[in-house]
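What follows is a short report on a single structure.
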Amino acid sequence: MIKVAIIGASGYTGAESIKILLNHPQAQLTYLTALPEECGKTSDVFPQFKGRVDLDIEPLDMNKLSKLADVVLCCLPHKVSMGFVPKLLDAGLKVIDFSADYRIKDVAVYEKYYVPHTDKGNLAKAVFGLPELFRENIKGKSLIANPGCFPTGALLAIAPLLKNNLIETKGIVVSSVTGSSGAGKNPSAKFHFPNMNENLFAYGIGTHRHMPEMEQIAQDICGKEVTMLFQPHVGPFDRGIASTVYCKPSGKADKDALTKLYADFYKGEPFVQLCSGAPAVKDVAGTNYCHVYVAVAKDFIIGFSAIDNLVKGASGQAIQNMNIIFGLDETMGLK
Amino acid sequence: MIKVAIIGASGYTGAESIKILLNHPQAQLTYLTALPEECGKTSDVFPQFKGRVDLDIEPLDMNKLSKLADVVLCCLPHKVSMGFVPKLLDAGLKVIDFSADYRIKDVAVYEKYYVPHTDKGNLAKAVFGLPELFRENIKGKSLIANPGCFPTGALLAIAPLLKNNLIETKGIVVSSVTGSSGAGKNPSAKFHFPNMNENLFAYGIGTHRHMPEMEQIAQDICGKEVTMLFQPHVGPFDRGIASTVYCKPSGKADKDALTKLYADFYKGEPFVQLCSGAPAVKDVAGTNYCHVYVAVAKDFIIGFSAIDNLVKGASGQAIQNMNIIFGLDETMGLK
Amino acid sequence: MIKVAIIGASGYTGAESIKILLNHPQAQLTYLTALPEECGKTSDVFPQFKGRVDLDIEPLDMNKLSKLADVVLCCLPHKVSMGFVPKLLDAGLKVIDFSADYRIKDVAVYEKYYVPHTDKGNLAKAVFGLPELFRENIKGKSLIANPGCFPTGALLAIAPLLKNNLIETKGIVVSSVTGSSGAGKNPSAKFHFPNMNENLFAYGIGTHRHMPEMEQIAQDICGKEVTMLFQPHVGPFDRGIASTVYCKPSGKADKDALTKLYADFYKGEPFVQLCSGAPAVKDVAGTNYCHVYVAVAKDFIIGFSAIDNLVKGASGQAIQNMNIIFGLDETMGLK
Amino acid sequence: MIKVAIIGASGYTGAESIKILLNHPQAQLTYLTALPEECGKTSDVFPQFKGRVDLDIEPLDMNKLSKLADVVLCCLPHKVSMGFVPKLLDAGLKVIDFSADYRIKDVAVYEKYYVPHTDKGNLAKAVFGLPELFRENIKGKSLIANPGCFPTGALLAIAPLLKNNLIETKGIVVSSVTGSSGAGKNPSAKFHFPNMNENLFAYGIGTHRHMPEMEQIAQDICGKEVTMLFQPHVGPFDRGIASTVYCKPSGKADKDALTKLYADFYKGEPFVQLCSGAPAVKDVAGTNYCHVYVAVAKDFIIGFSAIDNLVKGASGQAIQNMNIIFGLDETMGLK
């Protein structure tokens, strides 16, 4: 039985991680922590867990943590995370980090979009936890940078194209719509129900932090320089990201050949399903699945994907990574 | 041309009032005020008004107000409102007050549910602005207490029954569901989109302030003591209140006779429509209409109504009252 | 390993049953059937099951069924169900029936609300599958009448009151709001998205078929004649039923005493949780939990409950019943 | 007073047109028609019109029509429309046609995406009714092809760029999300509430009929060949289209210069508003406004727009065109 702690358990990804782990046959929640003002009975913090979770959410005690856990899901925001991770690793714990702090290898890029990096040593050792592309690297590792939700969806939508050099790598357009749980748990004017309901709008124009993350991993996949324009939108639903990725083919594009390529590329992947039409976010909501589709239209190849931002885009993928690290069946607790 | 000022123009009822007045052929918005921190270009406060409203929202200047306006829509919360209203009346302005401060005639009841009353003199002179029941009293008056949204819906659902002594007046149950705009513009955990979406729950159990308001007016209608249990719920939609009012008949109840009674009672009413089935909130959303229906089931008479909480439940009814005060066609700007 | 077949697998309760059984450690889906025109690959009928279900949905073959299954979840509509159930029982199968056909013991009442009953013999033997009240009767039985969604919520909201004779049993008012999945899978004008979205309305006034079902079971609980007025409403969300039950106390009503009573009554119940305020449908959505609350207001006792109509109100409760029949841990696959 | 008839009044654009005309000070609804099976009291067809519309919806009688109307809003689907329009014109009526039949000048293109064209004579005379670009041509004309909803939003988002030759005209990507009212009034599995709610997906990949319409008008604007990839998505809200248009600059792109260009281009336009950030569909819902924004990101210029698909994308624009034809203030009834 793997003993799992969650740091930053009081947010949406914390709750989603708890929910998944309640059903995991070989993992056991042993310790939940949050900022002091967000602690308490888990069922008070999240009424959905009434009668389901015995553990309280407590302020972090490193001593307790190192005794109680084998692995830590670190659900902290960027910057805060890299303040804790070195201590967790020093205590001999495996860490799956949900923040951006260990995702971007190029410190200059990280620092341009975020803050000065304070843990470059561990950054170099971290593995980007997208199992469909980096499964072998994840096995047995101590620090996994759990991917961002948008990069997960966008990259799975076009990985077969990148890998096979079928598209121009300059000027890929990623247009995504996310559900509003992506905004996190803190109330705000934008996400006040009477504003967000019946609404949809673009945000983060040219500045979203998942853009450099996507580019870096896309580059790792194809071995060439990649520039992507990533444009997120948010819509009036809880969960899910639909990504539509507009690519220019580098040669001739044939729909049937591409479909076969995708089928082969994702053959055997437990959580990626090739659809026969554009994927719908509702079909993946609440699951760790990514539905993908590829089409050719007007001199473009379009890659489509749908994921649940909190599951495949965060907590589900983290558990998938945990399973891989510990040599369990990758799908355990996730089907 | 009637000159209209709105005090407290930065909230939802302010915005709704502005929207209606933009289409009013004989009224003109002349002055918009709010707390200093909520002032600015109207189209910055409400982007929906881009290109539609020239006025800015300014901090209140009584001098300016008294010069610019004939009538004031006072969209302030209770307690705050009765601090301003006496000055407005002293300045010779007509006042339509959206707060609860002038709705409840019995000071003891008001003070039990709200705060100590500081303007009892004007309270005595105020008229409860439900035109379908008190039209004649409203004409030419200076201070109208614009009804609460729930009382408007609940009372119109059963006014014909009350007026004709057809129901037991003890133990009437009013079960209502409101859209979330009723919560106002300030973000909160309950109304954060990821919490309120796909949700529905009861609140204000036994304590909602619209309960004594309903009871008082119901008593005025039937001339007997009335006790009502009012239970509000809130659901995942923007606008509208569906009220289902469960009553015990005092004698025999006959569906056809009741339908005829309702038809006669509301004959000629421009904004109350008798439906042939339970009314749907979507059919009245964005309008000043109240749809009603009456049924008999299992020893109960059930009165149903649907209104838009921001229009017939607030701003629309206020303009309807304004039209009556000034002797205009009651429906002007509201059809 | 219990072998489970689902008849009528192409509707929403079929899908929900499949989803739950995919996670059940001691049950295995062996056979899925539907009307010929609704058959096909399960992932074509429900794209959410892409990669998750190997079985196809096939036209029913009794021969195959009796070989492949130990227990049948019979997700058919009323009338159709009682055409099949006798054959299933004759084939030695355990049956959990989702229709109303075996819920109402009084044939005259059944026939008034539904159709002539054609399987009175088995009706007498069927057990009403509400485990919190009839757990002992369910064990080892062959035919379970799985309760209706509204009766489940309404009865759990007031069972402690009924059992202890604390309320007048004439004139109980059950006012409920259900999400739209209750309408089933067939498109209709009422449930067309542009009509149902941002909408809420009452229906089935005085005629809903769950009313006599509630009354019968309420009578079984308290041993007295019960009359209930049940008024359903439908709102713009997928899942969940919030029930608010207005009762007249038979004696004095004390909030603290009632809270203690509820706590004792539901002590140890794995799926009923007593809340400290009105329950919210979102907290139980996707789960087999029922959240309850009791309050005293004006001269009423109000019982509140929230369930997921497709889980505790249908498929989850069916699996709970299956677990009880076979002597498994009642919560298996449901936590 | 202009006398207005609506043919095809029983659909969503019919209802929206009725709603607008109820507030039009110089137009009067005189005749409403639909297919026989969709006729009846207007308030039975659309309960929102209870008490607001006296006219019934009747089967079309050409004789009656020609006596009762000056102008016809022809809310019929493509192909059906061009069967009626010649007769309407022969009867001396002005026609504003909501279908695609008179929008695409190149018959070959029309016939590729639709059906054989049967009224080429009038096609040549029709004017594309996008007032912001073709106002002068519309004045006094007899046949206006009212633009499609997506082309309206997409073209207004980038018209200043096209007009000034600032972008590459090959390979413009238009990525749009529409609310579900765009699907029309007929129930279907895709738009069944439990499917469409909490959902979002792409459709019409490479084949949407608004694509050639956009391209043609874009060409008219810039005088060069234009190829566009138009990808629509549909989301869980009633009204509105958010369009994000990804363009490659033909030279250097400067955000401030582009903002100034847009401000100048749309200066004085009553219904186009330049925003200071990405427009939100909720801010234009229920209005005839188009909110636009322009940004520079990576090597792209991105044009954004939001409109209400039923108002600026259909009925509102039709009334705007009607006002222009008859020499009225263009905004009459629309503010």
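Assorted remarks:
We just call them A, B, C and D in the order they show up, numbering each chain from 1.
We take it that a contact is a pair of C-beta atoms (placed from the backbone, for glycine too) under 8 Å apart; a residue touches a chain by one contact, two chains touch by 3 or more.
Keep in mind that this is a model prediction, so the values were computed, not measured.
The chain with its Cα centroid farthest from the Cα centroid of chain C is D. When the interfaces A-D and A-B are ranked by how many C-beta pairs touch across them, A-D comes first. Separating the centre of chain B from that of chain D, both taken as means of CA atoms, is a distance of 36 Å.
Mean C-alpha position of chain A lies 39 Å from that of chain D. Chain A and chain B have Cα centroids separated by 47 Å.
Counting partner chains per residue, chain B has residues 197-198, 236-238, 280, 282 touching two or more of them. Of all residues in chain C, only 12, 180-181, 183, 185-189, 191-194, 196-198, 236-238 touch chain D in the complex they form. Remark: chain A residues 22-23, 25, 47-48, 50-52, 198, 270-271, 273, 275, 280, 282-284, 286-287, 289, 291, 335 touch chain C in the complex. Listing the residues of chain B that touch chain C in their complex gives 170-171, 173, 175, 177, 179, 195, 197-203, 205-207, 227-229, 231, 233, 235-240, 242, 244, 246, 248, 278-282, 285, 295-300, 302, 304, 306.
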